[in-house]
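Next come two complexes, and both contain chain A; in the first it sits with chain B, in the second with chain C.
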Partner chain A sequence: MKTVFTVLALVALLIAPLIVTDPFYVHLMIMVLMWTVLGVAWNILGGYAGQVSFGHSAFLGVGAYSTMILYLNLGISPWYGIVLGGLVSALIALPIGLICFRLRGPYFALSTLAVAEIVRLVALNWESLTNGPVGLLITTLPPVSLWGEPLNWESKTPFYYIIALIAAGALGITFLLARSRLGAYLLAIREDIDSAEAIGINTVQARVSALALSAFVAGVGGGFYAMYLRYVDPDAVFSISLSVEMVFIAVVGGLTTVIGPFIGAVFLVTLGETFRTHFLWGHLVFYGLFMMVAIRYMPEGIWGRVRKLIGNRVGVQNG
Partner chain B sequence: MAEPMLEVKRLTKSFGGLKAVADLSFAVEKGSIIGLIGPNGAGKTTVFNMVAGFLPPSAGEILLQGESLVGLKPYATTRKGVARTFQIVKPFRNLSVLENVTLAAFLRFAMRRQAQAEALRIIEKMGLTAKINSLANDLTLSEQKRLEIARALATGPKLLLLDEPMGGLNATEVDQAARLISEICRDGVTIIWVEHVLRAIMNTSHRVVVINYGAKIADGTPQEVVQNPDVIAAYLGKRAQPHAAD
Partner chain C sequence: METLVQSIVSGVLTGSLYAMIGVGLTIVFGVMRIINMAHGDMVMLGMYGAFWAHASWKMDPFLSIVLWVPAGFLGGLFIYRFLLRKIVPAGELNTLLYTAGLSLFVANLALLIWSGDYRTIKLPYAIMPLRPMGIAVPIPLAIAFGLAILVTAGLYWFLVHTDTGRAVRATSQEPEAAALMGISVGRISMITFGLGTALACGAGVLLAPSLYLYPTVGEILVAKCFVIVVLGGLGSVPGAIAGGLILGLAESLGAVYVSVPYKDAIGFVIFLLVLLFRPAGLLGGGKS
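== the complex of A and B ==
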């Protein structure tokens, strides 16, 4: 049953741009998938491990900048640059995790806010590398051919397929994590960290692993973000609103579920765009109201509620 | 004394100016049940926290079969063979009984199937088989206390630290728990047991260590300890009235 759904979803993902050709809707689909990736990143740490981060834009931004700098300075194609950006993010997450995970609960959450601000200031002031507040701009993407056909970077369709591949990969990572021993350990940590330690789980190591994996996914999302917009500056990629948006998508979709971030992205991205086009001013007010209602009446998220209704709960066996 | 499982030497823990545990020494013979008793605030749980690595000692030595446990994190002491329960139960509330115990069995069994088989064996021993699929949160307190012990046992301990496993249980449940603890000891696990329910601990323990204000005031068989005037003054005397003996 699940396999059938997965195959259907992949087919839908594959043929969607053939049906939807209006550039605005293709852009919308790209944004939904990009936010899915970022929601997945947050869900790994905030959902499975139960460690709330308000600074995930740090990892998105590091990925975005890394991909950009690797291309502009070293001529490394974004094909590799996006993945390398994720790896740089994961690498940076290691010392951050080792320091911040000495703290628990709200103190950890606050420290992530500080980390994001520190990273933003580094990007702002390290002008030789980041071009400071001016930011970095890519005018032309490298020519790439696929099956003998050169890709048209002016069209949005290639971007759609790239982010669809990344999103499918990110969801696949969550699926595997939920079934792995690390995933089981993270659930234990989320439930009770003292008990997790008491049964022999190295909780610092497990949380740092979760953070690195989460940062990798966020960094890959960031790399794509940079290539899609062809422009990064510190305020665009390290802003707190990006961090908060990731939290919202993961929470509204359903924490600790594989598909939750996708559901959250579908709802919130389309909702955000609708409000933006229909209300010239104050669209964020409506968005905020929706968030309040959603969290008040559905704290387990949309997919969490659906799973509850069909009697399927989050656990060690079924992920 | 035969080979000691645990030796605590001149153990001290200060919180600011307060000495919660002062110069405490005792040894635990392999295969025995030691009761650790004392009035509220005597430092019993602090001793547990230091042995299990949850608190670093200010001074002193803790040896498990001659190997020092000082400086190890809780997960590391567990891997050396020290398992503990918590006075206020800390189950993984939104996971099932089977999942709770399986997670602990992962320490010794890499494969999920083996870990689960071991978990089922321990759950049966603790009389929780009927509840394997219940969420830990939905269990009664008595069941949660047993789950806590089951989870500790699943890590395969040499030494089991029980922090008030009888707290909040009724008389029937206390007898049942005492039988379980004796059985666990017969299976080869050395036990240190902190308890307020004196009747159960006196009947089940091989030896009792009494502490007050963080220092040892008595150490001997249950019969010796209850006749010790210091102990009566510090602790038992206050509980000698009828109905107050739990």
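== the complex of A and C ==
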């Protein structure tokens, strides 16, 4: 049953741009998938490991800047650069994890907020590398041919397939994580860190691994973001509100579920982007509203609730 | 020497306002264990309140504090009663996420209504700074400093000398024992949240003539708030006052002696160091 759903979903993902041709909707699908990736990244740490971070924009931003700088300064094609950007993010995450994981619960959350602000200020002021508040801009992407046909970067379709691939990969990572030994460790840490420690789990190592994995996925999402917009500046990729958006997508969609972040992204990003076409400012107003509603009435999120309602019948307990 | 005195003076002036915001955040944490992510947005609302009082009613922005502090108090009561009360028992992380939602909601509603354009309040008496003994003191900041001391001292007096204030401190120290002594913890929580919001709005009014106004200003203010209250120890009122002054001084001295672009980072670095090595705060009065 589940395999059927997965195959159907992949087919739908593959043919979606053939059916939907309106540029706004293609853009919408790209944004939904990109935020799925970012929500997945946050869910690995905030959901599975239960470590609430308010600083994930740091990893998104480092990934975005790395991809951009590697392309501009070293001429490394973004299609490797996106992955390298993710790796740089994961690398940055190691010292951050070792510092912040000495703290627990809300204190951890506050410390990640502080770290992200420090990273933002570094990006803002390290002008020789980041070009400061002006940001970095690329005008052309390197030509790529697929089956003899050069890809048209002016159309959005190639971006759609790239982010669809990344999103499928990110969801696959969560799926595997949930079934791995590390995933089990993380759940134990989330439930009761002292007991997890007592039964011999190296909780620092497990949490740092989760953070690095989470940062990698966020960094890859950031690299894509930079290439899609062809532009990065500190406010665009390091702002606190980006971190908060990631949190909300994961929580509203359903924490500790594989496809929760996708559901959250479909719901919130569609609302946000539609709102943006009608009003100039304030497109995140519904994010805040639904976050409050979700915490109050269904802390398990949309997908968590759906799974509870239909779970026993269709057998998707682990989905 | 003059530079040193100058940066100490401006550090203390800004620090007094930081302290006022921090005290609001810390009493709420002390009583209810809520880390209020929306605190900065309450400051933002106070700033816009002062702006509109000035723009539409030709009211002096500082005078409008008599309007917005009671309004903030009532708003706080309302927020606690209808939004937060049911969330508080769900734990610190849930309230953190919930108030983050509230923060984003308020900030974006403000963006929708007032747009993201920067605004300033132009006061005729604010053009030339005072120059006692060659030290430049901007007049709006000096007035704000005086009023911030007045309000913070008033709150301190309230907490120390009134029955309700004692009940607030008792609840903050030990909610269960307080409840056993006949204190209505629910009522005290509501009043405390009202006070916290009132302080935030009041600080916003006082800051408005000295800062640029834009709806997401709360984002950066709330981050600074956390630095302040963690410095002083979460839940400790004298700690928050000290923390506010320390942050103000660290920023102004840092701008002169370390580097201007990184002056905002200094606060965060101190914050991380304190969280790691003195989680109960520099004065040791907080709860970790």
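Following the convention adopted for this analysis, the second predicted complex is superposed on the first by the 298 of 319 C-alpha atoms of A that agree within 3 Å, B and C clash if a C-alpha of one lies under 4 Å from a C-alpha of the other, contacts with A are read in each partner's own complex, and residues count from 1 in each chain.
Criterion: contacts are C-beta pairs under 8 Å (C-beta built on N, C-alpha and C of every residue); 3 or more make two chains touch, one makes a residue touch a chain.
These figures come from a predicted structure and were not determined experimentally.
A.B. asks: Touching A:202 in the superposition: chain B (first), chain C (second), both, neither?
C.D. replies: So A:202 only meets chain B here.
A.B. asks: Quick one: classify A:194 as touching chain B (first), chain C (second), both or neither.
C.D. replies: Touch status of A:194: first partner only.
A.B. asks: So which one touches more of the residues on chain A, chain B or chain C?
C.D. replies: Looking at chain A, the partner in contact with more of its residues is C.
A.B. asks: According to the stated criteria, A:251 is in contact with first (chain B), second (chain C), both, or neither; which is it?
C.D. replies: In the superposition, A:251 contacts chain C only.
A.B. asks: If we overlay the two complexes on their shared chain A, which of chain B and chain C does A:181 touch? Say first, second, both or neither.
C.D. replies: So A:181 only meets chain B here.
A.B. asks: With the two complexes superposed on chain A, say which partner A:115 touches: chain B (first), chain C (second), both, or neither.
C.D. replies: Touch status of A:115: second partner only.
A.B. asks: May I ask you to decide whether A:237 touches chain B, chain C, both, or neither, giving the answer as first, second, both or neither?
C.D. replies: neither
A.B. asks: Quick check for you: in the superposed arrangement, does A:125 touch first (chain B), second (chain C), both or neither?
C.D. replies: The answer is second: A:125 touches chain C but not chain B.
A.B. asks: Within the complex, which stretch of chain A touches chain C?
C.D. replies: Against chain C, chain A makes touches at 52, 54, 99, 102-103, 105-107, 109-111, 113-115, 117-118, 121-122, 124-125, 239-241, 244, 247-248, 251, 279-285, 287-292, 294-296, 299.
A.B. asks: Under the touch definition given earlier, write down the residues of chain C that touch chain A in their complex.
C.D. replies: Contact set of chain C toward chain A: 35, 83, 86-87, 90, 92-94, 96-98, 100-113, 115-116, 215-216, 219-220, 223, 226-227, 230, 261-262, 264-265, 268-269, 271-272, 275-276, 279, 288.
A.B. asks: Quick check: in the complex, which residue numbers of chain B touch chain A?
C.D. replies: Touch list, chain B to chain A: 52, 54, 73-76, 78-79, 83-84, 86, 90-96, 99, 102-104, 106-107, 110, 151-152, 154-155.
A.B. asks: Chain B touches which residues of chain A in the complex?
C.D. replies: 181, 184-185, 187-188, 191-192, 194-195, 197-203, 313-317
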